[in-house]
Each structure stands twice: as structure tokens, then as C-alpha cells.
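Attaching a single structure in C-alpha cells format; questions to follow.
First chain written, first letter: the chains are A, B, C, D, E and F, and each begins at residue 1.
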Amino acid sequence: MPIINVKMIAGRSQEKKQELVTVLTRETARILEVEPEWVTVVIDEYTRDNWASGGQLHSIKLGEGFGRQGTGK
Amino acid sequence: MPIINVKMIAGRSQEKKQELVTVLTRETARILEVEPEWVTVVIDEYTRDNWASGGQLHSIKLGEGFGRQGTGK
Amino acid sequence: MPIINVKMIAGRSQEKKQELVTVLTRETARILEVEPEWVTVVIDEYTRDNWASGGQLHSIKLGEGFGRQGTGK
Amino acid sequence: MPIINVKMIAGRSQEKKQELVTVLTRETARILEVEPEWVTVVIDEYTRDNWASGGQLHSIKLGEGFGRQGTGK
Amino acid sequence: MPIINVKMIAGRSQEKKQELVTVLTRETARILEVEPEWVTVVIDEYTRDNWASGGQLHSIKLGEGFGRQGTGK
Amino acid sequence: MPIINVKMIAGRSQEKKQELVTVLTRETARILEVEPEWVTVVIDEYTRDNWASGGQLHSIKLGEGFGRQGTGK
């Protein structure tokens, strides 16, 4: 521990995930003063059919995909 | 925020999910007196192999599918 | 099941929580076509020190309290 | 309730899951002195691309698969 | 990993929690064939004001307390 | 979204939490190419009575407190 859970839209590459995990682990360990080996990161990926804000599914609001390209998230 | 997470058996249509998200967002915003734009809904879908009650997987207890048809969930 | 988890700022009354639970259960059961008895709702309450958006703790951004009064959330 | 959530690497058979659910339900009900019928177990399965410890994705650290065989979990 | 999360009504003693953790860890490690040292258990405790089933808060349905005594969980 | 959940032992100051939230939000937004305003962070704090690894509660294994001082976590 600590345990970090990231919920995000599905589709990032293994490289992006590794980059995210590297930084989140290093910074959390540094700030909380724990060993990096104690930090676990688990990623939950969602299709846009399973994520909504403001009462609207992102598959309807934003279309397919992820990230900042035109639509974002 | 608030963040609403719904865990349910997989298989509902986009229309059903949008209907659920519309009502949960509107009612939560109304009762908690927050803006609907602040409400996030994320849906976790499960196969019946990954859900159990009373010590029995629902894939064994109920078979495939979801909803009230014969078995329920 | 389904299981509904609501994460929100701490401080609502038992009456507000019961109102929320009544509506979320009834509407979810109706839309998903399951029995209301199958619906579980668990509420996670957070102090504003433990909730952040846009990189800022809500205790710093919004001060104490909850709901729409002046700041909201 | 109680609700038990198990997060683990994907790939176990239905038989393994049923064995896990049987024991977790029975033992939790016994120790907490609740009825087994009140215990729900939900399993979240992860690919090794979505699980990291010590700042490294398990897909990179351990390769594919799960369990104790050579690499472990 | 694996990570086991138990959500239950607040109030069990440290001894009860240790008994639960001992058994859940040992059995999960045995069945999933992982080392016990890899198993993390985190317990979320809830007041009955924050738990509902069938559309009713347990603080209203069951009163205070926990376990099987008269009312149960 | 994304939504980042951090589970850790209770007791960090508001300043530490703000530092953590600042960095996790900035780095996640940068790597995932989303707006920082879309990133939500929620922190779950645990007493050591509610956290276990290797089958032992941290209140028993490590005593009270948190961080690296002598015991860690």
C-alpha cells in the first residue's frame, strides 16, 4: 500500500500505461514517504457506454475514442 | 461529484444504460441539491461467473443472461 | 444486486439519505427490471479534505459544508 | 451484505472461482456471525497490463499468465 | 495482489478483524495458488445510515448494532 | 474523468494531501492528454485496524502511525 486506482476510458497503449504507472508510483512514494515497492496501481478501463457525466453517456455525448482529440476524455 | 457507481450483470443496451443514467443523475442532483453537471455515473458490468450470493456463482445458480426473465438479476 | 455506490461529501441527514436510497432503488429496479429487494445501496461520505477536482482539494477551493449553498458539491 | 470484492489477474476457471466463493462466503459468514445468504462476492479480473506494483506493469515484469507458475501474481 | 475488499457494518473488534483477515488471506492464497504475502485485505466499515437494501436504510430497518443478534446485518 | 482513488493510512495533513493531489492531477492530465479540470481525486483513509497484508492487520504488525518512520506505510 498505498493502492491507487485509476478509472479511465479504454484504449491507451501499454507504453502510455507504463508511463502513467511509473510517475504515479514515484510521486506518491516521494510525497507520502513510503517505499515505491509498497505502491500498487490498478487501472479500470471503461467503454464510453459505461461512463456518463451530466446525465449523458459519453458514447452519445462524445462518440468513440478517448483523449483530447476533438472531444477529449 | 457526486460519483455514482453501478455494478450489474453485463448485457443491457445503450438505450437502457442511457435511461438509467438520465434518471440517476436527475434524481441525485435534485435530492442532494447539486448541479446535474457535477454528477458522474460509471457502470461496472459483470459476467455471472464473477458474481456470487449465498456462496454460489450466478452462472451456476441462474445460468446465462440477466434481468427478470425466469431467473432475474 | 445490482450494487449502487454513491460517493459524496459528508453531512446529509438520515432523511436525505433515505430519500436518496428510496428513489435510486425504485428507479434502478424499474429500469433494469429487477426486484427492489435485490438492490443494495452503499454510501461513502468524504470530507472535503479527501476530494479534489482540477488539482485542488475542495476544502481549499470551496471551504467547509456541502450542497448548493454558495459553493455546492 | 457484507460485500466482498476480489481483484485478481484474469484467467481462473469457473471451478476455481466457485471454490473461492464457497470458502470466502462460508468463512466470512461464520466469523462475522451473519447468514451466508447475506454475503455477496464480486470478482474484478484484470489483465496484467492494468496491474502494477513497484512502478512496473505486471505484463512487463512478469509476462502473461497468472498464479504461482514461475512468475506468480 | 490479489486485493480483497470487505464492506461491512462498523463495530467489530480488532480480534474479529484479525481472525477474518487470517482466514481470507490463507484461503485465497491456497485456492489461487499465490503467496500469502501477496494478498492485501482492506476493510470498509459503514454505519447503518450508509447502507440500504430493498430501498431502506439499515438504520431504519434494523436499528443500531451489527451481526446476528435479533436483527442481523 | 479520469477518476483517481488513493487508499492510504489515515493521518496525512491537508498540505500533504494537496501536494499529492496537485502532482497526481498534473501528471495524469499530461500523460493521458486530458484537461486537468477533468481529473477527480478521492482519498480513502484507513486506520491500521482495517488494512492487512500477508494475513496480518497493520495495527498488529506495525503499531500506530503511518509513513516511513521505523515501520512505514
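The working rule: a residue touches a chain if its C-beta (ideal position, glycine included) is under 8 Å from a C-beta of that chain, and two chains touch if they have at least 3 such contacts.
Note that the coordinates shown come from a computational prediction; the quantities given were computed from them, not determined experimentally.
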| item | value |
| --- | --- |
| Between chain C and its twin chain F, rotation from the CA superposition, multiple of 5 degrees | 120 |
| Gap in Å, rounded to a whole number, between the CA centres of chain E and chain D | 16 |
| Centroid distance [mean C-alpha coordinates] between chain D and chain B, Å | 21 |
| Whole-Å separation of chain centres (CA-atom averages), chain A against chain E | 28 |
| For chain E, residues that touch 2 or more chains besides their own | 1, 3, 7, 40, 42, 44, 51, 53 |
| Overall pattern in which the protein chains touch one another (line/ring/star/complete/other) | other |
| List of chain E residues in touch with chain A within their complex | 1, 3, 40, 42 |
| Interface residues, chain A side, partner chain D - complex | 14, 17-18, 21-22, 25-26, 36-37, 39-45 |
| Of all residues in chain E, those that touch chain D in their complex | 1-9, 12, 16, 19-20, 23-24, 27-28, 31-35, 38, 51, 53, 67-68, 72-73 |
| Residues on chain F engaged by chain E in the complex (per definition of touch) | 7, 44, 46, 49-57, 59-60 |
